[in-house]
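The structures come next, written out as structure tokens.
What follows is a pair of complexes built around chain A, which joins chain B in one and chain C in the other.
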Partner chain A sequence: VNPAGAGFAVALGLGAAGAVAGCLAPAGRRAVVVGVATAGCGVAAVAAGLAGMSGQGWALWLPQLLPLTGLRLAIDPLGGLFIALTGAVTVCAAVFGIGYTRGHVALCGRVPQAVFPLFVTSLLLVPAAAGVGTLLVAWESMALCSTLLVLTEHRRGPQVISAGRWYAVMTHLSLVALLLGMVGFATAAGGDSYSALRDAHLSGAGASAVFVTTLVGFTTKAGLVPLHVWLPRAHPEAPAHVSVLMSAAMVTTGVYGVVRVGLDLLGGGPGWWWLAVLCLGLVSALYGVLQACVAGDLKRLLACSTTENMGLAVVGVGAAGFLRAQGAGHLAGLALTAAFLHLVAHAAVKTVLFAAAGSVAQATGTRDLDEMGGLAARMPVTGTLFAVGALGACALPLGAGFPGEWLLLQALVHALPVGGTATAVVVPVAVAVIALTAGLATVAFVKAFGVGFLARPRSPGAAGASEADPIASAGLVLGGGVCVLLAVWPGLVVDRLSDAVASAGVPAASMDGAGLMLRLQVVSGSFGPLLLAVSVVAASGAAAVAVRFMHGGRVRRRARLWDCGAGAPTARMQYTATAFAEPLQRIFEDVLRPDADLEVAPHAESAYYLQRVAYRLKVPDRVEERLYRPVLNTVRRVGVASRRLADGRVHRYLSYGFLAFTGLLIGLAVTR
Partner chain B sequence: MSTAGLLGALAQVVVVVAGAPLLVGLMRQVRARLEGRAGAGVGQPWRDLRKLSRKQAIAPIGTGPVFRAAPSLLLGTALVTAAVVPLASLRSPLDCGVDLFAVVAVLALGTTALVLAGLDTGTAFGGMGASRGITVLALVEPTILLAVLALSIPAGSTNLATIVAAAQQSPTRQLAPVSLLAAVALGVVIIAETGRLPVDNPTTHLELTMIHEAMVLEYAGPDLAVVELASAARLTVLLGLFTSLFLPWGVTSGLVGLPLALLLLVGKVAALGVLVAAGEVFAAKLRLFRVPELLAGSFLLALLAAAGSYFLTSGGLP
Partner chain C sequence: VSLLELAARIRRIGRIAEPPAPAPALHPAAQVFAGSVQLRHVDAGSCNGCEIEIAAAFGPVYDAERYGARLVASPRHADAVLVTGPVTRNMATALRRTREAVPEPRMVIAFGDCACDGGVFTDSYAVVGPVSSVVPVDLQVPGCPPGPQDLVAAVRTLTGR
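After this line comes the complex of A and B, so read on.
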């Protein structure tokens, strides 16, 4: 029995069983049954993916199952990586989902519970697809399932419905682009299967057209600028366990698509493709993290950070393609390894963060950071795990995200001497943007953790918060454990990535990831995350012991905070999230263009006395305002104008029919 | 792991911890004399530390474990960087695991801990300092990494010992335009990172101008002693890093040259400290929103250095 195939079959079976259980199980036990089945599906997917990554390939063709092309499935190392990643995220999301949804009427409904395992199944099918038809069907079912899940809590308010609408439109835009690109590709290649596409060796303008069209489709799913607008809407409004799957697993299918089509099926292509991809990634990373810095909604902040991280991963992919086109294969492998490692770390980190944010939203009844505070004391488990995730998202050492960024920087640093002039221009800019992104990510996550979880509560909701459901916390602990493991032992993943990199058509990075040190082979460089973590912890521990020794067993005296003699500071005197990000917002005013509105109403008697001061601040998404609003407004205007065509008079409609018919006849008479 | 390396790293840590308050004292003394004051003497920071360490520790009401742990983490990160940067010895046992990127990130980790501590107090001062501190940290990052990039091109590696050894082998390269540009950029960044004028005033206690002091306002007694020692150690390590990268003479890989190397280190860092202090006498603090302009300037220099390192050092013009 092939382990990859068997595991995958079990995963699909459990997913289907979960969907059936979601329909049939009684409401009281629905969450548990569906959660257990979905978690099982995730475990089987991890096993299948790991088997695929170790080279135990598997392929299946069921010609009757899908019209025209048949269902083609295969697990190669590249697909295996994404199947394993999705599976691991699914396990955490499903366990968390049990605690998060049980006892909640809207979340425990038949539709959301039955669609959740189906969503997982479609997510697993995307990287396992080995033909254009199968890929498109899986892609569309992934879009449909996730749209349904985003709309789960549609009764909560119009913003949920609006988010669902934006998401549905954007995700179908992605499908249309993909349909055009992939069907065109299959036509040119004369076959539907990936092997036929690979053998076609498409080149020139045709290949570029396919690449650019599919790039639009894939980057929409990955949430890259300027196609990211659905992300900060859909992620916050979806239930937390769905946000986890969407942000940690679904967006990565976009990156998978770029790698699969660009590097594998089209075989690399010219350097300018990848230069464009790299620039797209840089712009997305910077724009995403800036939006995250000024976001006041915790889940919106996380969603914007997803755009940032996908941007960074795409920078790695772009660098890999570009370096390969330049003939620097070993560095290309390094860059692609970095991109994959970053995706894995991001998945772990976002699983924890979105799940923790869901627990917080449920406990406090708000997602607004300005109304939180003091949650670390009230929700110690959730708070600690959010800190672990936030550390991973900031790309600081001891965090899960650092090894991936370190590898990416190494690939870029060593690329500078080998490439041509284009490299000499792009690489310093890329390094600077990645560094700025890392710095701003620190701001965003210090804000999220520091304002949300530390100090004192800013609202009654936060003051009355209590620890989340134990099963939900268990899901968080699972994700947090993976984060810690990735932070101190990234070699565990890196060792298994070489086949995935090779099956993307890039020479695998020569790297000695074995053991606890990441040691690059052809170029010089090494990094020991465990060594670093141990030495930082040991040195800090020594310092803590020294402090304890200095105050020699005396108890710490509880004392009031410094209040300038004006009485104890109230919770309202604390810095809010908005205030915390204000300096940055001012510095990047030209990019962010915040709408600040200050209304001062002076007293009737004297202009020196104020009656009322109102201040409103909104930081809208500039891309949305500039790019989408005009299009939407035009569509709306056309819609309103065309309403005049249908004014309800029957003879008018009859005349339309008559005119259309005669027009057709005249047309036929002229052309025939 | 060699004995020489282990001893070297240990000696570096000891010298940094012992010498850091003296460096701060020296800089204050230089400023005092140039401003026409008598000054408190070079040993005053050590006397302050002794005084603080004898006091009772305070737990401000409403603060949590983050506030409690931040000083130790700040000092811990400073000690790790003191052990890994080739200040006197090229053979640090940590060198294989912690390169220049990691050193930069470890220092940022320390700052982040302090920023979180500032937020944990829940006072307006703490929040203000935290917000400003993290903004400066974020803006400094691109310059540092670009300077790292420029410096690592000639050595072909980002590992510190390799960079310093390569610089020792070709002393004339220190005068190349790329190296000078990187030195100026890194110098500005070090001033911003350590909270010196014109970015932050280390002696201020006026809330509108504070960055670092606002974050640590609630610390007292032994905690404050650790914070002060850690800031002094960070300043020393960063100045030492600067000397190792641009004036790498004396840094040794053996055991025999170690005492001399440590002496040279003390001399170089002291000279650099005197220079910085003397410069501060003539500088006024910048408005907070002018700081990004200064950092943008240093960023531009670093960008030139990085691009130039390709065109000039590798002779890579097509």
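After this line comes the complex of A and C, so read on.
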């Protein structure tokens, strides 16, 4: 029995069983049954993915199952990586989902519970697809399932419906681009299966057209600028366990697609493709993190940070493709390893962060950071795990995100001697942007944790918050454990990535991650996260002991907070999220263009006394304002204008039919 | 004046400060401060005469800092509270809280006649009383106002330098 195939079959079976259980199980037990089935599906997928990553390939062709092309599935190391990643995220999301959804009428409904395992199944099918038809079907079912799940809580308000609409349109834009690109590719190659596409060795303008079209489709799914607009809308409005899957697993399929089509199926292509990809990644990383810094909604902040991290991963992919085109294969392997490692770390971190944000939103009844505070004391487990996740998202040492970014910087820094004008221009800029992004990400997550979890509660909702459901917390703990493991022992993952990198058509970077140190062998560089962690823990422990001994026999006295003799400070005097981000917003005013409105109403009898001061601040998404609004307005205008064509008169409609028919006949008569 | 000229002038003039008087006997409760006393000043209702003298005592002429005393900005940093003026009703709570905020061991210095016994404001409707009626006082510096040299002498009994 092939372990990859068996595991994948079990995963699909459990996913289907979960969907059936979601329809049939009584409402009281639905969450538990579906959650257990989905978690089992995740475990089986992890097993299948790991088997695939270790080179135990598996392929299946069921010609009857899909019309025209048949269902083609295969697990190679590259697909295995993404299957394992999705499976691991699924386990955490499903366990968290049990605690998160049970007892909630809207979240426990038949549709959301039945669609959730289907969504997981379609997510697993995307990297397992080995043919264009299968990929497109899996892609579309992933889009449909996630759209339904985003709309789960549509009764909560019009913003959910609006988010669902934006998401549906953008995700279908992605499908249309992919359909055009992949069907064109299959036509040019004369076959549907990936091996046929690979053997076609497409090149020239045709290959570029396929690459650019599919790039639009894939980057829409990955949430890269300027196609990111659905992300800060859909992720906050979706239920937390769905946000986890969307942000940690679904967006990575976009990066998978770029790697699969660009590096694997098209065989690399010219350097400018990858230069474009790299620049797209850099812009997304910077724009995403800036939006995250000024976001006041906790889940929106996390969603913008997803754009940032996908941008960084795509920078790695772009660098890999570019360096390979330049003939620096060993560095390309390093860059692609960095991209994959970053995706894995991001998946772990976002699983924890979105799940924790969901618990917080459920406990406080708000997602607005300005109304939170004091949650670390009220929700200690959730708070601690959010801190672990936030550290991971900061790209600081001891965080899960650091090893990936470190590898990426290593690849870029050592790329300068490769030569060429493009390298000399792009590489320093890329290094600078990644460094700036890392700094800004730290600001964003210090804000999220500091304002949300520390200090005093700013609203009654936050003051009355209590710890999340224990099963939900168990899901969080699972994700947090993976974060810590990735932070202290990235070698565990890095060692298993080499086959995936090689199967993407890039020579794997040899490095030694088995020991405590992560040693690069293509370039000089080593880094020991575990030693670092041990020394930090030892140093803090030693400092704590030293303080205890050195304070001698002095008596410790609890005193009132020093308030300068005036009244005690209130919660309103604390830094809010908006205030914390204000200096940054000022620095980047030209980029962000915040819309601030100060309204001062003086007293009727004297202009020196104020009656009322109102301050409103909105930081709109500039890409959306400048790029999407004009398009939407034009569409609306055309739509309104075309209403005149349909004025309700039957005669007119009949004449339309008559004219169209005669026009068609005339056209046929003339052309044939 | 260039830096070199300044250096030359410093060398030519030499030390012009008077030698300090011999160190006074150390206040028994101030032993623990080991020669360094940080003072937090509280104006509990003073006419500002005492404040001018305090400013003079810590100015370049009297330079109380050379004996180890220093004015600090928060009671959290202080060893002793330096109170001026009679304690007005509005300042009584603030004075109590300031003393509470000083880490132990701590001292309270009543500076000026008003702080010591109420001075000309005794029995005023706006005044609670002398400092000792609100918080325990460890050291009194009488005078209306006491001169900078009196403050310097008082803090030297705390620093012992």
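Just so it is clear, the second predicted complex is superposed on the first by the 651 of 672 C-alpha atoms of A that agree within 3 Å, B and C clash if a C-alpha of one lies under 4 Å from a C-alpha of the other, contacts with A are read in each partner's own complex, and residues count from 1 in each chain.
Going forward, contacts are C-beta pairs under 8 Å (C-beta built on N, C-alpha and C of every residue); 3 or more make two chains touch, one makes a residue touch a chain.
The model shown is predicted, which means the values in this text are computed figures rather than measured ones.
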> Which partner reaches more residues of chain A, chain B or chain C?
Replying inline: B
>> I'd like to know which partner A:Phe402 touches here: chain B for first, chain C for second, both or neither.
In response: first
> Now for A:Gly657: first (chain B), second (chain C), both, or neither, which partner does it touch?
Replying inline: neither
>> Once chain A of both complexes is superposed, is A:Pro158 in touch with chain B (first), chain C (second), both, or neither?
In response: neither
> What is the contact status of A:Gly528 with respect to chain B (first) and chain C (second): first, second, both, or neither?
Replying inline: first
>> In the overlaid three-chain picture, which partner chain does A:Gly565 touch, first (chain B) or second (chain C), both, or neither?
In response: second
> Is A:Arg556 in contact with chain B, with chain C, with both, or with neither (first, second, both, neither)?
Replying inline: first
> Taking the two structures together, which residues of chain A meet both chain B and chain C?
Replying inline: 557, 559-560, 562-563
> Okay, in this complex, where on chain B does chain A touch?
Replying inline: 53-62, 64, 66, 69, 71-73, 75-77, 79-80, 83, 94, 96-99, 101-102, 105-106, 108-109, 112, 115-116, 119-128, 130-132, 134-135, 137-142, 144-146, 148-149, 152-153, 156-159, 162, 217-218, 220-223, 225-226, 230, 288-289, 292, 299, 302-303, 306-307, 309-311, 314, 316, 318
>> With touch defined as at the start, can you tell me which chain A residues reach chain C in the complex?
In response: 555, 557, 559-560, 562-563, 565
> Which bits of chain C are touching chain A when the two form their complex?
Replying inline: 74-76, 93-94, 97-98, 100-101, 103-104
> What part of chain A is in contact with chain B in the complex they form?
Replying inline: 373, 376-377, 394-398, 402, 406, 409-410, 412-414, 416-417, 420-421, 423-425, 427-429, 431-436, 438-440, 442-443, 446, 449-451, 454-456, 517, 519, 523-529, 531-532, 535-544, 546-547, 550-551, 554, 556-563, 569, 571, 573-575, 579-584, 586-587
